[in-house]
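Both complexes shown next keep chain A, but they swap its partner, so chain B is in the first and chain C is in the second.
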Partner chain A sequence: MTVAFYIMAAIAVLGAVMAIALRNVVHAVFSVLLFFSALAGLFILLLAEFIAVVQVLVYIGSVGILMLFAIMLTTKVTGDPTRKLLSRGWAWGGLVSGALLLAFLVPLITQSKSESNSQLSNFNPSVKDLGLTLMDPYFASVGVIALLLTAGLIAAVVAASSASGE
Partner chain B sequence: MEITLNHYLILSAVLFTIGLIGALTRRHIIIMLVCLEIMLNAANLNLIAFWHFGPNPILLHGPLFTLFTIAIAATEAALGLALVLAIYRHFKTVDLEQVQDLKE
Partner chain C sequence: MNNFIDYKLIELGQWTVGLFNDYPVVQILVHLLLATLPLTLVFMGAFGFSTWLERKGLARIQNRLGPNRVGIFGLLQPLADGIKMLLKEDIVPDRSDKLFHFLAPVMLMVPAFIAVGFLPLGDGLMALPMDSAILFFFAVGSLNTIAVFMAGWSSRNKYSLLGGMRAVAQMISYEIPLVLSAVAVIMFSGSLNAQEIVASQQIQSWLASGNLVKEFFGQILGWHIFKPWGFAGFIFFFVAALAEANRSPFDLPEADSEIIAGHLTEYSGFKYAIFFMAEYISAFAIAGIATTLFLGGWSGPVIAGLPWFIIKMFSLFAVMIWIRGTLPRLRVDQLMGYAWKFLLPLAILNIFVAGFYYFAEQQFGSLAAFIGGWVIGFGILQTAAKGLSRLNKSPTLDGKRVYQLVE
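After this line comes the complex of A and B, so read on.
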């Protein structure tokens, strides 16, 4: 359990760092797919199997392919060494991110007591329970999400096609 | 050493910060969307970890909220990449520094 957590965490951090550091955009998207799969492994460690399956289906399956198609439809895939990598105010962005990381980490490290006992070993959360909970108290939220997905689909089609129609 | 809630929170904070650094410093527009996805995934990890180590996991709040977050993130990715295509057709570039205003 412990070893698996550290391996998954290392793969996730490596994938995320490679995604923001690589010059070639296609390589960056493939390393973010590595990050997504490591996160699916972490979800399995946390006993959320259905979320892990959804992560693989939605992120690795569709979002990654969508990003690859967007790269293919826009620009040259090979990294141009003359093209600038960083934006103009990159130092300020790094400074703000570092300060935020410090603000996150200081309370986490200085706080000594931590919840380590999980009540999840007492029962086994199944996909059936998740589906029943989704249908009984959260039915309105499911409807709103369905509406949002439909609206997002229509908006994506309109945004991608109207520019070429002119 | 046993893995506690703090381990997951530290990992999630590190991943969120990596995504934030990428979103604030890179100038390629698709890399910026990738960094947004990294940040959303770090938040999802936080939700699942709080549910796992929380006092009442039988209510399944963590997986439900994560399911809704994943649906919203998928919509955001589709719409964002459609906007990338529209911006590329209009400005002929994917460099965010050269996209200064929304109309010409």
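After this line comes the complex of A and C, so read on.
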């Protein structure tokens, strides 16, 4: 488990770093996809099957393709190699984000580790339970989200059809 | 006794794993190999056999002989093809993206083999027994799109790129009716677990009755395809599956008369062979999942288990070959319109029909629901299909065709 976690985490970090550092936009998108797939693997390690599936289905299968389509519309795939990727104040930004990481994230992680062990015994991450939870106590919010998404879909259809028609 | 082949195979596996009791690390490796290696080898063999089957079948449809030189009936032709492909020069275009050009076939093959792992080949015979196997199958299937796009983009060839774009548009469009027609089954079975979906298609009370005739029909009559929504859903699923697997008549991404070979244009030698293998294995996988969802999976009379699954899966593949020999290729505009304006509304309607059928079965008993479902539910679906096809008819086709260029 731990070995698998470190491998996945290393791949995720590698993918994220490459997504920023690569000059070719298509390569960058594919490294984002690498990051997403490593994340899906991490979710599987956490026994969160459903979230892993959604990660693959939605993020790799759909969002990734959407990004690729958007990139197909740009003319220049490779950026200007003479320009620097890092801005001048990058050291300050790194310092601030490192400080934030140390100040907030690390204490939170160490804290949650001790708490989760007690809850782990009655923790059952099955898809069925997730579905029942979504449909019973949280039905109203799920319904509102579904309605909003449908409205967005219809709006997109209307926008597309009025642009091409007439 | 039913399922005895499955149980013997599982016993054999457990015996083999038991040999390594003293070496836990080796045991895990052996366990993993036993789950994956036979599957890989069997499906690779099935790929070779089915290329022969396809060429022979197409030849029969077209009144030719087909491969008949290598071995009896040309049975060794796949082997000869494989050796030829291995020995061919691997040509990589000079200005292509070398890494992605190399990675694309791999990216296509890995999801294809993972998808095969989610098939319930028999009772307890499943390489990746997960709780939400069906969902995983569709998630992994959506990765094919990216690989095809990768191949099309990295080749630096306009035909490749056109093929890649076509493939992306087609696969994303047809994934929606594909999953929606499967949703009806998942709703009815109340589970995403492939084994439970198979179990829901067996009439359990008949199987336990001890009556031989009832046991025989209990393995058949519960299949979802015999229900009105299941029959309609199977047709939607199969049509969408043909498009997902890039099979004819939806083989537009590699339409050889229009864009040479689409995303495959710049591939040669063994990479081309890998592309072909991945496509066939995806076709097997999707035929297998159609079997699981609608045709009762591994259930069947007398020899329930692995044999029935293989028979059903190959029958569906044979239908794919038959369709390839029969139907001409769709046009691009027809393709998108068919998915969004015809299959999608019908698949959504089918979900409602399945829901009503579920409650009708609980209210009025299964026989009344069956008859009523076929009369009312299927009637609604058919009327909707007719209405939709009339709505979708392009106005120019109503009157007499006008040929502007002739005369």
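We take it that the second predicted complex is superposed on the first by the 111 of 166 C-alpha atoms of A that agree within 3 Å, B and C clash if a C-alpha of one lies under 4 Å from a C-alpha of the other, contacts with A are read in each partner's own complex, and residues count from 1 in each chain.
Keep this in mind: a residue touches a chain if its C-beta (ideal position, glycine included) is under 8 Å from a C-beta of that chain, and two chains touch if they have at least 3 such contacts.
These numbers were taken from a predicted model, which means no experiment stands behind them.
By the touch criterion defined above, A:F50 lies against chain B and chain C together after alignment on the C-alpha atoms of chain A.
When both complexes are overlaid on chain A, the residue A:G61 reaches chain C alone and has no touch with chain B. By the touch criterion defined above, A:A160 lies against chain B but remains apart from chain C after alignment on the C-alpha atoms of chain A. Of the two partner chains placed by superposition, only chain B is touched by A:L73; chain C is not. Between chain B and chain C, more residues of chain A are touched by B. When the two structures are aligned on the shared chain, A:F139 is found in touch with neither chain B nor chain C.
Residues 50, 62, 69 of chain A lie in contact with chain B in one complex and with chain C in the other. Those residues of chain A whose C-beta lies close enough to touch chain B in the complex are 1-2, 5, 9, 12-13, 16-17, 19-20, 25, 28-29, 32, 35-36, 39, 42-43, 46-48, 50-51, 54-55, 58-59, 62-63, 66-67, 69-71, 73-75, 83-90, 92-94, 96-98, 100-101, 104-105, 108-109, 111, 114-120, 123, 125, 129-130, 133-134, 138, 141, 145, 148-149, 152-153, 155-157, 159-160, 162-164. Chain C contributes residues 97, 100, 130-132, 135-136, 138-140, 142-143, 145-146, 149-150, 153, 165, 168, 172, 175, 191-192 to its touches with chain A in the complex.
For chain A in complex with chain C, the touching residues are 26-27, 30, 33, 49-50, 53, 56-57, 60-62, 64-65, 68-69, 72, 126-128. The part of chain B that touches chain A in the complex is made up of residues 1-11, 13-22, 24-28, 30-31, 33-35, 37-38, 41, 44-45, 48-49, 51-60, 62-64, 66-68, 70-79, 81-86, 88-90, 94-97.
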